[in-house]
């Protein structure tokens, strides 16, 4: 029934290749099916003004899509003179999600910026960005710990994200682009590896939803997150 | 336990005054406690390019805060040369939420723009904007129906929104600003008067949350939405 | 002869409601006929760089119109990426006018920002903004004096403004929108309560004018300003 | 008493050199003392959308200052990403003033754009721009009339402008920069050659003014305008 | 003598992987040493206004760097609200260079946009973009020819580019970043595979240069271009 | 054969008038045929952040065209909200070229900004800007030396620039606008008075070029530069 032939509760193949650029303190190329996102972590000893002097760390994120990551070419945001509303929403979500998995006291007063650049898009780019962004963050923190700049691990548990939705009347896990563009209800779920929830976003896109349907999607999300966390842990070994 | 002395499941006082400006096709001033939002509906016979020729209606929204609606003055977005990320996120949410309550075929190919301008802010401005925005929309649609421009009512059920969160470890309904700025978990819930859900947004802000806690907040939201819908219906009589 | 039936030298009804928002140090909602402007005063202990260290106070103003304050909806300046030329002209005029009524030495090195936001427009919004802006300023200064932060009153005399013009060949006082859009000559007059002039702006809009006609408008302005000053003083009691 | 040694009612030397660039349909370099402005007129057969189809002509103006036209270098507006408030105010004034001297029916549906670029500034640049701008306009219209594209002369009477102010307690004509920066009251007066007034702008800059003082400045302006109009007419011969 | 140990006239290893994204009509990932650029070609049947109706084709290019493609993170141009001067210069150069290798009549009235996004930078990104951009263009044109939309091949000869410079007093081929940042003279040479020149850009960066030195760099460029063209042709087979 | 009737190796008449504005530390109006550029030098004791504390001087340049310097009016960059790509490219070239003629140690830690504003354009504006810009720089440096602020002359040799191209199949010197817009190959050559080269920029515009043709243009440039340097030296006496 799904365009890809997947089962209702089946994720796309997940691959996470680490250390893909020589400059960044941490990096990976995450592929969730045909969605490919390059995630890099940049470590800086300075923090934004509103954090200065607090002794706390800061994690922030930026998101972008290459112009031809999509089926028809998108205008480059740099030529339009600003980031669009969707971009701003997504990068705020990535930053907020990753921070929820960080003990900012243990991290110390420094900043890590996660850049998530979509090389190829096929649905679920924000979820792949969060999942891959955490891997880049993990690798950068490992470097700090190896150097003795951080003593106790500030990363509480892996942060991962997956989308679920109601497609053709059925709850499905990990929407690809054909499903995403036709889904009546669409949700993004960000969780910790320990099962706690960080962010729940569900939206009616044509059809409203009941509490029951919401719970079905949450169950699917639990399954997907577990698989993503396993892939993150394998990649970071 | 709440700074305002309210019960955990108690809304702030709700007041909705209609027809507050002489120019708009529909308008109200909604007050939820000390949060005051002026909502106006503008009817236009033209639609955006991506809707043109579809025969469908379009509802969109814009959101703004007066510079001194807040405790310390905010810079005017017009002088900063752009709307901030938070503004863009909120106005996209308002538009998406209201459209979920509209039968766009019955509405016919025309556009209604809902402007939500915060006169005074004390937490929950986006929820008050959705709730008051629906009243302005209802009044503008009434005018179209009275004029015979629309035959069958395109408004499916009232759209209302409320925030809930975990404050000092307790689930509470309708956060005001002191609660909002200290809450560990914070959610916005948009629903139809018939109980169906339109949008669920929960965020960890310091503390993550479990499925149980999520369900407690959803129960509180059900109660709040019912009271808001009653106020909407009273105002539109 | 006037669309509203008023006499040539008759003002619209004036109402000034004070302390209309809980956050601002001073505020009022001024209504001159159907023109309604919300004016707030924000007190800050810091001053702009060009004033720093001078020991002098600074008063500045910003002006905005809500999108549906007008008969057809105006685009929000924040979405256009800048304030229009008319807005900039008006807010410079408001700031300059109010400063002319302030003893900046007595005020001390602090800044008061007057925000004038038009809720409903029917001609004469810049004049209402100046008149209402002065009331907000007066209330904020009263607060400073009550707290003992300012010893001697820095407000020399009330500042008020009114428009006059030549409509259908006749000099008329306090143009409303139908008159304003058809007037051949149009002037804005800012004065102190003591009769001294602060700003005179007369423009030919189709018809030029003679010195005699100018004097007729100035006589009308004298009458209007006296009524506005009386309303300001009543409101500030 | 004046820094330049001029009499209270004495203009600076006026020089208007015409046809100074080979591309423009009309041009002049106007010098009023050390204030030098290059004015060009560009004729286009298209008009702005709000004029289209009306059969009426349109005259508009733009104003700029070269970065080192002033004593300390000003930032180039093109690098700041926008025209400042003062620039916008001035170019609106120039356009409005010139249009008041034009019979837009006789002009026919075409547009003339007057560019006023300040090469060297020493006070009174907006007045020199209006006065020189009219000469450029006159020359462009002459070309249209010679070509038979316009039959009856659309220029009613020359448009000229001069500043007057109260400097060291005395009313003076044609303020130069040292006077302008120290004047307590400052006015710009735009008039037709036939004595009718187009625009009167008086501002208190530190000192307020009485009706008597205003009349003294108007008398000075009458004298200055007559001299400027004589120079315009000599230049256009 | 070179930091990398290369001979004076030795290129870095060149690798060109084609068809790296599923959406673009042509694409490659070019690696010249540690400089990695993703190049995609987007085919559109529409052309820019200044080409419309001419029957001629148009090739244009855009260039960007991922924020952490460099050793220290660069601010994203989309967040700065504009493309920097260097970016604009480079993308104009890429477009101009590629057009010089295209028979625009044979191409027919359609547009191909080449996006060059730097994944990792180590000097010579503009040259790698031109060289890789031509490969993406070649592949997109092949697709058009296979489909019968273009009959005669519009690509005259491969377009490739290389940098040369005077480093530590010696002329060297294909500067990497450590060389580039220390070179006294620096040139970019764009050529056709048939030996004709398209663009020569030499700049003194600290040291000026003689005609002899220029000729030495041109000789090096000839050698480098031949190797790049061989790699292009191998990749496109 | 040339539209102007000039010989293939003949420059247009060169005129350089110095000290043309009273405010700038150095200035000239350079005319190369009908191309007229006003160049001013502004001296400031502060330097940009990246130079601060180095003890070195900095020379930078800005470039602009008056809207009606061209045959059809160009939109003012200040109203478009940014400098175009061509403007940015040109002003970077001017700055880079002039710096190559400066001993930044001898100059001392101060900044000179060269503004080049095109009053009338007829081809070759960037070359005239460099040539005239150097004269303004020379005059400003003379002032510093006369005042004893600089001891040893930091200007190594005059910097001048000329364009050459292949027009109607022939190499020609100093292209005017009709030639420039029709040339198949077009180059700009910046040199020191001592014969060393600073910048070489050649571009194919329709026709590619051989090494032989390049050498012919370089020979023409040598001749033109010698004449320009003679004019610079005469003007600075």
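The letters A, B, C, D, E and F name the chains in turn, as written, and every chain counts its residues from 1.
In this section, contacts are C-beta pairs under 8 Å (C-beta built on N, C-alpha and C of every residue); 3 or more make two chains touch, one makes a residue touch a chain.
Please read all numbers here as calculations on a predicted model, not as lab measurements.
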Same-interface partner of C-D, chosen from the options E-F, D-F or A-E, over half of the pairs matching: E-F
Rotation angle superposing chain D onto its copy chain E by C-alpha atoms, nearest 5 degrees: 120
Same or different contact residues where chain F meets its copy chain D, judged by the half mark: same
B-C or E-F, whichever has more C-beta pairs in contact: B-C
Chain whose Cα centroid lies at the greatest distance from that of chain B: F
Chain centre separation (chain A, chain B; CA means) in Å: 28
Inter-chain centre distance, chain C versus chain E - centres from mean C-alpha coordinates, in Å: 60
Centre-of-Cα separation between chain F and chain A, whole angstrom: 51
Contacts with two or more other chains, residues of chain B listed in rising order: 81-82
Chains listed in ring sequence, where chain A comes first and chain B follows it: A, B, C, D, F, E
Footprint of chain D on chain F - complex, ascending: 21-24, 27, 34, 38, 40, 42, 44, 62, 64, 66-71, 73, 76-83, 87, 113, 115, 117, 119-120
Residue ranges of chain F in contact with chain E within the complex: 82, 85, 88-89, 92, 96, 100, 187, 192, 195-204, 208-211, 214, 218
